[in-house]
Structures are given as C-alpha cells and as structure tokens.
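Read through the structure below, which is laid out as structure tokens, and then see the notes.
Order of writing sets the chain letters: A, B, C, D and E. Residues in each chain are counted from 1.
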Amino acid sequence: MLPFLIRRLAGLVFLLLILTMLVFGLSRALPGDVAAMYVGLKAKPEQIQKARLELGLDKPVHVQYLRYMGRLLKGDLGISLRTHRPVARDLKEKLPLSLEIVLLALLISIALGLPMGVVAAFKRDTWIDSAVNMIGSAAVSLPIFFLALLLQLVFFNWLGWFPLQGRISTMMEFRDPLPAVTRFGLIDALLAGDLEYMADMAWHMFLPVVSLASIPLGLVARLSRSSLLEVMQADYIMAARASGVGETVLFFRYGLRNALSPVLSIMGLSMALMLLNTFYVEQIFNYPGIGYWALASIFSLDYPVLVAITLVLGAIYVLSNTIIDVLRRWVDPRIK
Amino acid sequence: MKDELKYKHLAEQAAREHRRERKIRTIAFLKRKSAAAALLVLVLITLAAVFAPLVAPYPDQGKGAVNLGERLQPLSGKHLLGTDTFGRDILSRLVYGARVSIFGGLFIVCAAALIGVPLGLWAGYSEGAPGVVISRIGEILISFPAVLIAIAITTVIGAGLTSAVIALIIPWWPWYARIIQGEVLRLKRMLFVEAAQMLGYGKSYILFRHLLPNIMRTVMVMMLLDFGPAIISIGLLGFLGLGTQPPNADWGLMVWEGAPNLMQQPWIAISPGAAMFILVMAFNIFGDNLQDYLDG
Amino acid sequence: GQKNIVYATSADVTTWDPSASYSTELTYMVNIYETLIRVNPPGSKEPFSYILTTGMQASDDGLIYTFDLRKGVKFHDGTAFNAEAVKLSIERTKKIGKGAAFIWSDLEKIEIINPYKIRFIMSKPVPLPQIAASAYASYIISPSVIDKEPAWFDEGHECGTGPYMLKNYRAGESWMLTRFKDYWGGWEKDQIDNILVKISNDSLVKLKMLLSGQAAIVNAVPSDSYKAVRDGKKTKVVYGPSYVNYIVFFNTARPPLDNVKVRRALAYAFPYKDIIKVAFDGKATHSRGIVPKGQFGHDERVFQYTFDPQKAKALLKEAGYGGKPLKLVMTYVAGNQAETRMAPLMKDQLKKIGVELELKPLSWPAQWELGKRAEKDGQDLFLLMWWPTYSDPYETLVSLLGTEKKTLWNFAYYSNPEYDRLIRKAYETVGTDRQAALEMYIKAQNIIQKDAPAVAIADAKTAIPALRRLEGIVVNPAYPGGLFFYQMRLR
Amino acid sequence: MSVKQKEKPILEVKDLVAEFTTAAGRLRILDGIDFSLFPAEILALVGETGCGKSVTAKSIMNLLAEQVCKRRGKVMMDGVNLLDLSKKQMRSYLGRRISMIFQNPIASINPVFTLGEQIRRLVRIHMAGEITRVKSELGCTTAAAIDRLAAANLEKVGLTDVDQLMRAYAHQISGGMAQRYRIATAVLGNPDVLIADEATSALDVTVQAHILRLLKRLSAEKNTAIIFITHDLGIAAQLCQQVAVMYSGRIVEVAPTAELFKNPLHPYTRGLLKAVPQLSRKTGLEHIPGTIPDLRNPPSGCRFHPRCRQAMERCRRLRPPLVETKSHQVCCHLYDAGNKEAAWAKS
Amino acid sequence: MGEVLIRTQSLRTWFPKRKSLLGKPGAWLKAVDDVSLTIYRGECLGLAGESGCGKSTLGRTILQLVKPRSGSVRFDGTALRNLDFRQLQPFRPRMQMVFQDPRSSLNPKMTMLKILAEAIRANPDHDGDSILDQAVELADMVDLRPEHLFRYPHEFSGGQQQRICIARALATCPDFIVFDESTSALDVSVQAQILNLIKRLKQRLGLTYLFISHDLNVLAQVCERIAVMYAGQIVEIQESGRLFSSPGHPYTRGLRDAVPIADPEAKQTFVSIKGEVPSLVDPPAGCRFHPRCDFADRLCATRVPELQRLERHRSWIRCHRYRQLNFNQERR
C-alpha cells in the first residue's frame, strides 16, 4: 500500500508540475496583457509599464515561471488581477464552499443511487427495474444548467419551498459570521452549536446539491445495477448458493461487495465532473464557491486565479482518484 | 474456372446468409420499444436539422433575422413555441440549433475517436515508452478543465463553434486512447496475434488487420454513448458564450439567452433545454440498447 | 429596530485602496470616503456641493485654488480631519500613480495655509473643481493609514470620513456597509443602518431577489423585465441621467473602413430607435456626438446621424461597394446585456444595406487586447461602453480619439492633429472661459462626426430597480454606479 | 441398479426435462433424464461437451432461475420433489443434504472475502449444533468455536497451515488447495449427495490424483454419494462404481463400471471407449464420425442416429425407449425386444 | 531419420518479475532454465510436465516468439537467436505452432478463407493466383469442406476450429510444428479425430513435431520420444514406450502413476507426488524435485544434477540417483 501511495503522490507532483507549466505558459503566451489587466480599466501606458516591472513581467518566461514556482512552494499563488487579493487566501475561503456541496452531492448520489441500482438488480425485469433505468437515463441526460434553471423555476418560483440563491439567508448575513474552524459551513455551524444557521445553510445548499448530484446519481444507479447483475452470474455466487447460503446474504453481502469496485471508479470521475459543473451551478444559484469564482475569472482572464484553480482541480482529480483506488483495493483485494 | 464460379457462388451464398441473419437480429433489436422510440426521435431530429430550411417555419429567423414586431410572444398557432426577445420564432431557432448539437456532437465524437483510437492502438501495442507517454498526456489533458481550454482557444482564434469543438476534443480523445489501450492489451494476449506473428507479419500489419477490426465494436458503442455528453458539453460552452456565436442558434446559447426571461417568458429557455434533454436521452437509450444487443 | 437593506449587484470590488480605485467599487467608495467637493446632478441649482470643504476660491488665471475645510469631521478611527490629511491623501494618490491618478498630473503642489485652509497650485488652468470632485483618485484618507500598502486595504480595511464603514468583507461574495455613528452630517430617522452588499452576476437572480423582497435595491434586472418592475406594486425603477454611452469605433486603418463614405454609410444604417427600444427598454437617448447627454460639452449643435438606409446604400455605392456584400467583424463584450442586444439588431440592419456583419463577443480583456493590436488584423467595428472619469469632456475626447502612439483606447486608430490641438486648447481654457471651451469642444466633435472614425449609438440612462419603500435614491451621473445610501430613507 | 436393488436410492431423477428460453428460441437441453443414486455410491456422468451434464447437476440442485430454464420431471429426495421447492425451502437441502463443487475452484470462491470469512459463515449456517457442543465442551466464545470448527473442517480435507489459509484470498492459493477448500465447504453440512462437476479437469494430474483420493475417502467414511461429472473415462474407471453415459440431453447407458468398460452396449459408448487414448494401447484411436447435434434443431428420433453406424430406419423416427438388461440400462433401438439378438450379434 | 532439425543449447528464458522503482527487474521468473534438447527431422517429440513448468515457454522460445536470455536455438543449422525481425522472416513460415485454445487463435472478424489466405501469403514462394485453390486443398487436408471457407470462426465447433488452426499451420508448408496442448480442450471423441489427423499429416508431409501436453496418454499415442519437464528444466527424455514401462526419473514415475487409466481392472490407488509445484522465481537448490522426491538424499538437496546421456541413444536423464533407483518393474 505504501509504495502505491508514494507512487501516486509522485504522480501527483509530476502532474501538478506539468499543469503549472502548461497553464503558466498559456497565460503568458495567450494574448491578454497581464500587466494591463492588473492595472485595470482605463489604465495609462506608463501605469501598465510600472505594473509590468512590479509583476516581473519584463523577465524571460522561464525566470517568471521559476519565481512563480518558488512562491508556490511557500503557498503563495500570486495576486488576482481583478481583485488584487492574494489568490491563496480567496482559494482557502471558496474551495471549502464548493467541496462541501460537491461532497454532499457525491454522498447523496451514492446514498440514493446505490440502493436504487441494487433494488433494480434485485427486482430485475419488474417495473421497479425499468423505473430505475428510466430515472438513471434521465438523470444523466439532463444538461446541468437546464436542470438548475428548472429547479429554480419549480422550487422557488412555483412552489416557493427552497431559496433562490446564495449560501445563507440575508437575515443571517446581518449577524456576525461564524468562526471559521473547518471552513465547511455546516460543520462550523455545528461546532458553534448554531443549529438555526446550519439549517439555513442546508436549506440553501439543497437545490445546488441536487443539480450537481443528478449525473452521478444516474451513473451510480445504472452502473451498480449492471455490475451487480453481472456479479450475480459469477461462479462463486452459484457455488455459495449451492452450499446453502441464503439469497439475501448472497445478494447484499457477497454480491454487493464484488459489484462495488466499478461503482467506486465512477465516483472518482463524478467528483471531477461535479467540480467542473460547479462552474454552472454556482453561477446559476449565485453560490460563492470556486466555480463561481472561476467563471468570473474566466471572463476577466484573471490568469493567476485560473492557474490556481486548474492546479487545485488537477490535484483534487488525482487525489480523489487515489482515494478511490485505495478504497477499491480495500473492497477488492485482487487489484494489484 | 468452373470451380472458381462455384466458390464465388458459395461466397455469395454465405454473404447472403450473413445479411439475412443480421437483418433478423436488427429487426429483433428494433422490436424493443425503447430502442425504436429512441431511434425515431433521433431520426426526426436529424432530419429536421438536415432539412432545417424546409422544416423551420421562419428560416431566416432561425438564422438570426430579428422581427421586432412580435417580441416575446407566447406559444400560439403562429409561433408554436413562441418568440424570443428579438421576436424570433423559437421553433425555427430550435431546428437550426439542432444542427449545432447534432453535427457538433458528431464532429467531437468522430474527431476524438480519430485521434484517440490510433494513439490508443499505438500505446497499447508498443507498451513501454509510448504507452506511458500517451497515457500521461491523456491524464494531464483530462484533468484540465475544458472551459479553460476553451478560453485559451477563444483568445487565440475567437469564440465560435469551432473553438468550442476543438476545446472539447482536446480533453475528450484521451478517453478513447485509454479504453482502446486497455482493449489492445487484452486482445494482444489473444492467440491469433501470436499466430500472425508466427507467420512473419509485422507490427503494423497485425495492428491494422487484426486488432483494429476487433476494437471497432467497442469504438462504435463508445461513440454512440458519448454523443449525449458531447452535445451537453457543447451546450455548456454555448451557455457560457464560448460556443456558437449569436445570432446563430445553439440550444445551450438559447437557454442562456432565455434565462433572464425565465420568469415572464419561461418558454424561451425551456424549449431548447428540453430539446437537448430529449435528444441526449434518445442517444443514451439507443446506445444502451445497442450495447445490450451487441453484447447479448 | 434597525433599518437594514440588501443591495444585490454585479459591481464587484477590484481594490479597496481609495488611491488606486478606478472601477466598480465606486458604488461603495462614495459611501466610505468623501471628496472635498461633489458635482451635483445636472439640473441642480449649484454645480457643486461642498462636502469636506465649506468654500472655494479660484485665482483669475485658473492656476490657484484655495479651499476652506470643514471643521469637526472625524475619520472612522476617530482621527480628526484637517489640511494635512488632504495633502497627504492627494500626494499618496499621486505617488502611487495607480488608477485615475493621472487626473492630478497638472497639479504642481499643495500648500497648507492653516489646518483648515489649503491651496492647490496648478501648472495649467485645468478644471480643478471637477478633478477634486472626481469619482476616482480624489478621496481623503486618514493620515493614520496613509502609509498602508494597497494589500492592507484589499483585505477589507478602510478609514474614510464617509457615513458608512466596511464590515465583514468576503471578496467577490458579500460585505456590509454599516453606519458610522460620528458622521459629521449627523443621522436622521429612517436612514439606513446596514447595507448588505451581495455580489451577483445574474440579472435574473437579482430580479427574483427584488420581487421577493429579499433585496431592496439591485443594480440591474433583465432588460425585458424593467416594465414589470416599474409597474410592480412594491417595486419601482428609479431613472436618472448617466454619462455612460455606447460607441462604435470604425477601424480607419484598413479597408474598407478607411473610406469615410463607408463609415458614414454604416453610421446611417444603425437602427438607433430599435436599439433604444430593445436594448435599453426605451430608456436611453439617441447620442449626439461622443460626449454624453447632460455632460458639459454635449450640445444640440453637434451633428447627429439618424437611421437612413437609403442614404447608407447610396453612400456605399458611391464608395464603390455597391455590388458584392461587404464582410465586417464587430467585437463587443460577451457579458454586457445592452451590447448583446444591440449587436444582432445592428447585424440585421446592416444586412439590408449589403453588409455582412460578423459578431464576435469576447471577454473584455480579450476585446481590449485585440483592439490594441487590431490595426492590421483585428476587428472592423469595436463596440465600447464608455463613461468619463470626471465631469469634463476632455478625457473622453482625448482618450478615445486623440492621436495615440500606442493604441490604448483609440480603437479607430484615428489621428487628426487639428482635433488634438483643438481639444487640448479647450481643456486649458475651460478653467477660465467655459463658453469658449464649449465652442471648441463642439467644433472638435463636429470634426469627428464628419470624419466618422466613431459614432456614438446611445446615451444610456441609469435605471435603478428598487423597492418602493426605499426612497431618496438619487442618481448622479458624475459618479457612475455610485449610490449615496446616506440620502436614502427606508419607510 | 440391479446390484443394489435392495437398498433405497438416496436420489432419484425421473424424466427430467429442461428447456432454455433463449433468443434463438426454446432449446430442449435435457430430454428426459433418468437415474438413481444410492448411498455411498460414486456415479460417473460422462459425455461430450454441451450434452447437458452441468445442466443436469444444476437442475438437481435447483440452481437455475425459473425465467431462463423451465424444468419438468422429478428429482426425488426423501420422497420430496426438489423441483417443486421454492428457493427458501431449498435452503434446508442445499449444503445439508446435497452439495456441489465446480470445475474452476478459484473462480468459485468469492474473491473479495478471505477464505476464513466464507467458511465461517457456512459453519454458522450448517453446524449450529456443533457450535453449541464445542462451546460447552471448551467453554469458549461462539466466535472461537466457529473458528475451531472451520479449522477442523479444513484439516479434514488435508489442508495444512490452516490459520494462514483462513486469512488468504482466493487468488493467493493454488488450484489444488482451492479445490480442497471447496470440498471442505461443500461437505461441511454432511450432505448425503455431492455433485462434482468436472471437479478435477482444471487441475494437474498429480493434484487431480490427490483430489480423487480425497473424494474416495470421503465417500467411504461419510457414506456420501457422489455424482462425478467428467470427460475423462480414466477417472470414471478408477473412481466410480457406476457410470452413466450421456448424449445430447439423454442418458444413453448406465451400468456398473466394470460391466460398462467390458461390455458397452450403446453404440455411442462403444465409440467413446475406442476413442480414449491409453498408454497400453498401441493400436490407433478410433473416433466417432460427425459432430454433436445442434440443439436448435436436434435430430429426430434417436439424437445419436446421424453419427451411428448401426442406425436403422426406426432410429430416425422413434425416440428409443429405456431398456434394462441384466446389468445395464440402455437407451437404444438395438435392444428393443425384437432387436436384441441382432444387436448381440453385431457387437 | 537421424538428421537434426532443431537443437537447443542451455536455453534460458527468464521473465522479469515485478519491476523495482528504477524499472530494473527485481527478480526473474525462470520459466525455461538450462534446456538442451535435440529434435530430429521427421520425429515427434512429446513434452510433458505439470502446469506452469515452462512447456509453452520452451515451445515459444524455440519458435523465437520470445527471445531467450541465453543459450542458443539452431534450426536446420542456423542459429536463430541473434536474428532480427527481417532476418527471421524467411524462417517464420518453416516453423508453425498450434495452440490449445482454438477460439482465441482465430480472429473472430475473419472468415476461414481469409485466415488461410493470410497464412498462404506469408510463405514467400507461394503461388499468387491460386490462393483459393490452395485454401480448398488445405481445407480438404483437415477434413473440412470448401463451403466452410466462407464462415466465421464462431460458426464452427471447437474441433473444427482446431482443424482450421492446423490448416493455417500447414498453409506455409512448414518443416516443423509445435502443438501446444492442441487437443486438451477437446472432447475425447473429437480429440481422437484430431490426433489421428495430426498423425496422418505427419506421415503424409514428412513433418517434425514438438507435441506439448500434460496428458501422457495422448503423448503415448503420437510421440516417438517424450521429454519430461519439471520447474523449467528437462528431467528426462525417453523413448515413449520405455518412459512408461521403466521411467528413469522419480518425477516421471509419479506423473505416470497419477494418470487415471480407462480400465477398471487396473485398480489405481491415486498415490501421487506429494507437495506442490515449486516457485519458478527461486526454485529449490540442488535438484529442483528433491523436496517432493521420496528418494532424495543429501546430495540431491545441494548439487544440481546434470542432464546425462543414457546408454541408449537419444535418451537423457537429470537425476543423481537414477542408477540406484530402478523403476524397471511394470506399473503397479
């Protein structure tokens, strides 16, 4: 296990190195005068020149890159061209917000998708099975921005059950913010014992989380169904049945664990997919996480932020896959 | 001479038998209700897209001509799906937008396969360095958000369907390379590869004559199942204004354009969203069925 | 209880440093910091209000201005306001040299006469009152924070004299403006205690927030929704003048737009009325020259292009482009609601005179960058949303169409020495002879209209959707986007 | 059968028919299987690939899903027809009265649980009585008792190093060990019948020998009756008391081993025996011409007739009846009452 | 007979086992370790041994499908080991192989005709015009009918598929064919058909075979000599008759006794070799068989026995004690 982790970590470092090079190179190669953007609208040429010196943009690209990497090692991701704030600081604030909804969505998609798939497999060829199949297909076929808008229309406009936007009610925002311990809102609220705050936050997260969860839910439900059906054909299931192991144990204990491995793999993918989908969901729900930030930065070509976000997304992608691989090894000892 | 004729006859007969068997299987396949329904939807939408100028009630509005006299009309006999803020007939725009979705999706999927499959073949067959390098590059591209690629491309060649499609192909092909690499590694262990080696045939011969035909099925199914995600992805970029440019129609862009009016004129955003949903769902159902049918 | 409101807006903060601020944070800056004087909205009796001053005297040559400073003013940390604070603030701004600091380029020195009397000495007779009242680069900062780096401010710190203080800053997300108890103006009933600012780029979200009463005031709603808000039982739209206008630049550096006839043809082909109806909900005026309506320099005597396709066609033919369709590219900002609506209308009309306009919406940096390099191979038309930094047309006229060695704003790549000379002269005259300067500005603008390197389409109006309960919303075009919460009352 | 007439059979299969519903239509895989199994008897079931041996075994165990495979006929055990039992009722038989092991031992062990976890569950299911006994005897916890019983069972099949084995996963052990382990799990409930479906075909001869010896011992010690399904007539000859020869869904001949090898009656059996390569035989091999029938449209009458040298007109039309001779049961028109002499003459 | 067709000398084929971090092999799996044997023109040499002992690898090494690590293979006088892909090409058609699993040896996307045509074309001096005729002839040779040529592999039964494989091997007019367990997946009756076919072809075409099988009964049917392999090494090469009547090596005897005999009279007891097959990564020191050998002494545990030539021509044995042990008696 340890060598495996070391190898994965080395892979991560390598990936990040390449990613930084690529994104950094891109940010310098692409048109879009970094210094001019830094100075802002209506900048004067001499101001831009000054900023260029200040940002070290007069140096050759490789020097700039090395400097950037040097600062990166110290946890300094540079300064946003748009807001002039340290990127690392904003990242620290916004990443947990997005991770929170993404993880919740992941949780929901597993907590619902897996039982759906299992029940469908168990009740194969019944109406339950076709219903799950239909729901699964629909869930993966819904364009996420459309789903988000639809949810707003139905649950805010028509039914009024859920709030429209943001991460807490404005009423709550007039109160003092909670102490940031973990930076995960729900957990911080729980730690602070402020259940009202927590409920309010959960209420606001609901629609974004549902939008995010839709695709993974469909994937997990469909995959767990087919994987389980395949596993139930295996020799060892037949053998256990022949030795007198009961049908329920066979299905839910023997079969399920065997079927889990592909489901786990799809979760790694889902994680990456959902992080990208926060770009849309957070925009539509006005949820101030990393996706919202990324989108705003994209349209203002805020390169330091984009580099940082790319790195973080890359790292999360690799890390979540590593975690998934560890889990898969644990579930299935055959995986080398 | 006579023998030759006889064999020719035999060959024809065998081919005929094959065709008949395939026909029977295809009919059985189409008897599945969901497959047939999905196929029908696909065919209808594709036909509408191809013959857009004939199908659309107001072709010039489909292409972007404004009609300020009839802004924001609700659904009616004249405008079956209403009109948008420029007074353009939504149905006409849907029909033109279908072109983007279908042909854009087709292009992405084909290009991804065209790049990914040969690289995957190469990576799988030669193991060692090329395999590692290709899968590494793939990993990097996959972990690179498509939106950022789209931005990069947009800044160079400007926003448009072309940039969106290129931006999507870049992180898309590695999936093909990856799957094909795995498939080749599996097939390579098949003994017929060794048999061909033993006959003195070289790598490229084996690759193209033996391995390629055997992975085509996988590639086809993958392409079919990828159609939906590709269409949605074009929509996503269109939604961000990184895809098709106004006043051309694109379903994602139409949702984006209609979103501000969601409360008063919900039809503007809902029609293209629903159209996309139906198209993608049809592709998915058809692909699932096809996979079942090919596997079964 | 407390009077709290929510302001939902897309106006984000790019910097909290009042010396460097030159962007949308103006909305909040005018509430936190104050300037020596403030320009009054058009139609007011007096051109200026005295804020941190109580009086002003100018020398006849327009080079020396003396201000009497207001007494009893405190900064938010309790530091007293005096002449030193003024001198240090302006010098800091000048030294840092960021943002709009260039407005002080003709300032020679500042002399403190006594703690409440200060003298500005200029090298040229520029309009100092307008400069001192500028929406940018003219704020007075407490001496206690004068040495702080911009980064300190950007973390959400401030120390001004304004009626509101900044609290709970979450960048790009939300923050609070909260009442400064010791504000020199004092406080009355129904004034607002706290303003929660929520950043939202989505006009639909803002509309819904307003309609549901979550937000009391927003900066915009979807274009097609203004009517609904205006007619709403609980909501209203406050309209006011604005110096924002939309200008199309023609690329004069290369064919076919190097031909003045083609440029004029296009100017006659834009559907000004339709644009105002569709893109501005009818609430804008057809531009007359590139100086916006209401600003000094705008005048009825400036020539105006009107929608006249016949004339346009004729001009095109004259220019030799009668037959084959002309292909042109126009860039604009993808996220700008008005521009995204104008563009298809322009395209549609140009098509009718045989011009195929390709639309190319870009992010602002990309559009700008392309524009800067575009003389040879960029756009043909550049659609720009513009607003002046301070209340004098010189900046607009020189930035947009003055000769530039390296393109920065002159996306027409236009150069006319006579025009350059004329506006410079006007600028230096305005401090002493306003009427003469006006004549020169009109003349300069008519040169532009004749040459048509650029044509302004519409002068926008400010439209502020808000709850009816919220009164006292005053629109001051000299402070674009600025909301003076102190003047508002919540009933 | 005639030898053991006095004893009551432990398992009786009567006219077992199995039909699969597939895309190609209905396939009659089993076309009336009849045989009886007596306590402590080892019966070999031999036949070519696809003739339905495994389906027979699975049908007896009631392991096939009703939707895929329709069955008729009787599988009698203690006067109960197993085919009539529901899945739940079947559980009191599976592993306790009747058990089964498969061709690929490694694939028939769940790969994601340790061997220990799996055998412990079976101990819990089948050895409740022993668990309480061991608990009271040794005064240990239930878990310890289960462990002990599991280990004891593994040792009984000749596995050593049991502690380590219980912690291993299927992919970590050799095929021989895996098959021993499978036997241990299969006989842990002391079943009266054990079906071994090609239990040694995937193993080396040396390992196969060990397994065969183990099965022989088991049958002798515990009176377990074994149905040993195999291709290998050598095993049938050496291990089994009775041999049943199967061809395309029917048992064509049953006889005691010695009798069958010495005096095969059915033409198919004869052909089969001549095709077996043997060390001692120097003469060339003979083979049965033709190939196994296509089950989508099986031959009319006797399914073997297209390949039979002695086929008669009748064979094409009529399904041959079951004929009992002194020691044989044979399914062939040659032994119909009228034809007996002719047949003897020819053989 | 008597002409040497193939001679291997101290052949070693080692596979790298699990790479270390730097990509260098940490250990070797010695699938073939010091194998020297000779195959004479026109004979059929059998190769027996337990699963995983390296039989297939030896066959594949001889055919240069895997490159040996050391040692040499001479085919008809030419050393093959150092030839590159191009130089090897003329030899390819002369040596063919037929595998155990016919299904995976046939490309499912090619008709039988295409499969055969591909093989015919591989022979440098094939007659271009008459590929179809040759294919028909080949089909006939393996008892398939011309109309079969147009079918796909999945339309054939296992036995027929194996016939196609054999026809393909014959298509290049080889001198030498390796049969790697070519009949073990088949039913007895089909196996008999194929074995007969193989024997017939050998006589008709004067072929030389290496016949790999774990089934001694089968080897006895087709081979003149049999080599027994254990853990990567040849332990004994004997004329097939003698191998059964008086096996020289204890392993050979164990193997022989484990094979069930299809004769109820024989009354076998299934006494077999104890223990498990050793690991090929680090095989036991000394004689590799000694941990499982009932007759091993101290010498066996320490010194590696040499492959010694027996008095009789063409027989070899690798055992320290074969002189003392006399398994001359007939089988029990």
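Going forward, contacts are C-beta pairs under 8 Å (C-beta built on N, C-alpha and C of every residue); 3 or more make two chains touch, one makes a residue touch a chain.
The structure presented is a predicted model; accordingly, all values stated were derived computationally and were not measured.
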Co-neighbours of chain E and chain D - touch as defined: none
Touching chain C and also chain E, the following chains: B
Pair joined by more contacting C-beta pairs (A-D or A-B): A-B
Chain centre separation (chain B, chain E; CA means) in Å: 50
Whole-Å gap between the CA centroids of chain C and chain D: 92
Chain A and chain E, separation of their C-alpha mean positions in angstrom: 56
Whole-Å gap between the CA centroids of chain B and chain D: 52
Chain B: positions in contact with at least two other chains: 151, 155, 259, 262-263
Chain A residues counted as touching two or more neighbouring chains: 31-32, 152, 157, 284, 298, 301
Per-residue overlap in chain E, given as positions that touch at least 2 other chains: none
Touch relationships between chains, expressed as pairs: A-B, A-C, A-D, B-C, B-E, D-E
In the complex, chain C residues that touch chain A: 4, 6, 12-15, 22-23, 97-102, 150-151, 154-155, 168, 170-174, 176, 194, 196, 198-202, 205, 208-209, 212, 214-215, 334-335, 363-366, 368-370, 372-373, 389, 399, 406, 408-409
Complex interface listing, chain A residues touching chain C: 31-33, 36-37, 39-47, 50, 82-86, 90, 93-94, 152, 156-157, 164-166, 170, 173-174, 176-177, 283-284, 286, 288, 292-293, 296, 298-301
Complex contact set, residues of chain B against chain E: 3-4, 6-7, 10-11, 13-15, 190-192, 194-202, 209-210, 213-214
Chain A contact footprint on chain D (complex, rising order): 58, 61, 63, 67, 87-88, 91, 93-96, 99-102, 104, 107-113, 118, 121-122, 125-126, 169-171, 182, 185-186, 188-189
Touch list for chain B against partner chain C, complex: 64-66, 68, 71-72, 85-86, 151, 154-155, 158-159, 241, 245-247, 259-265
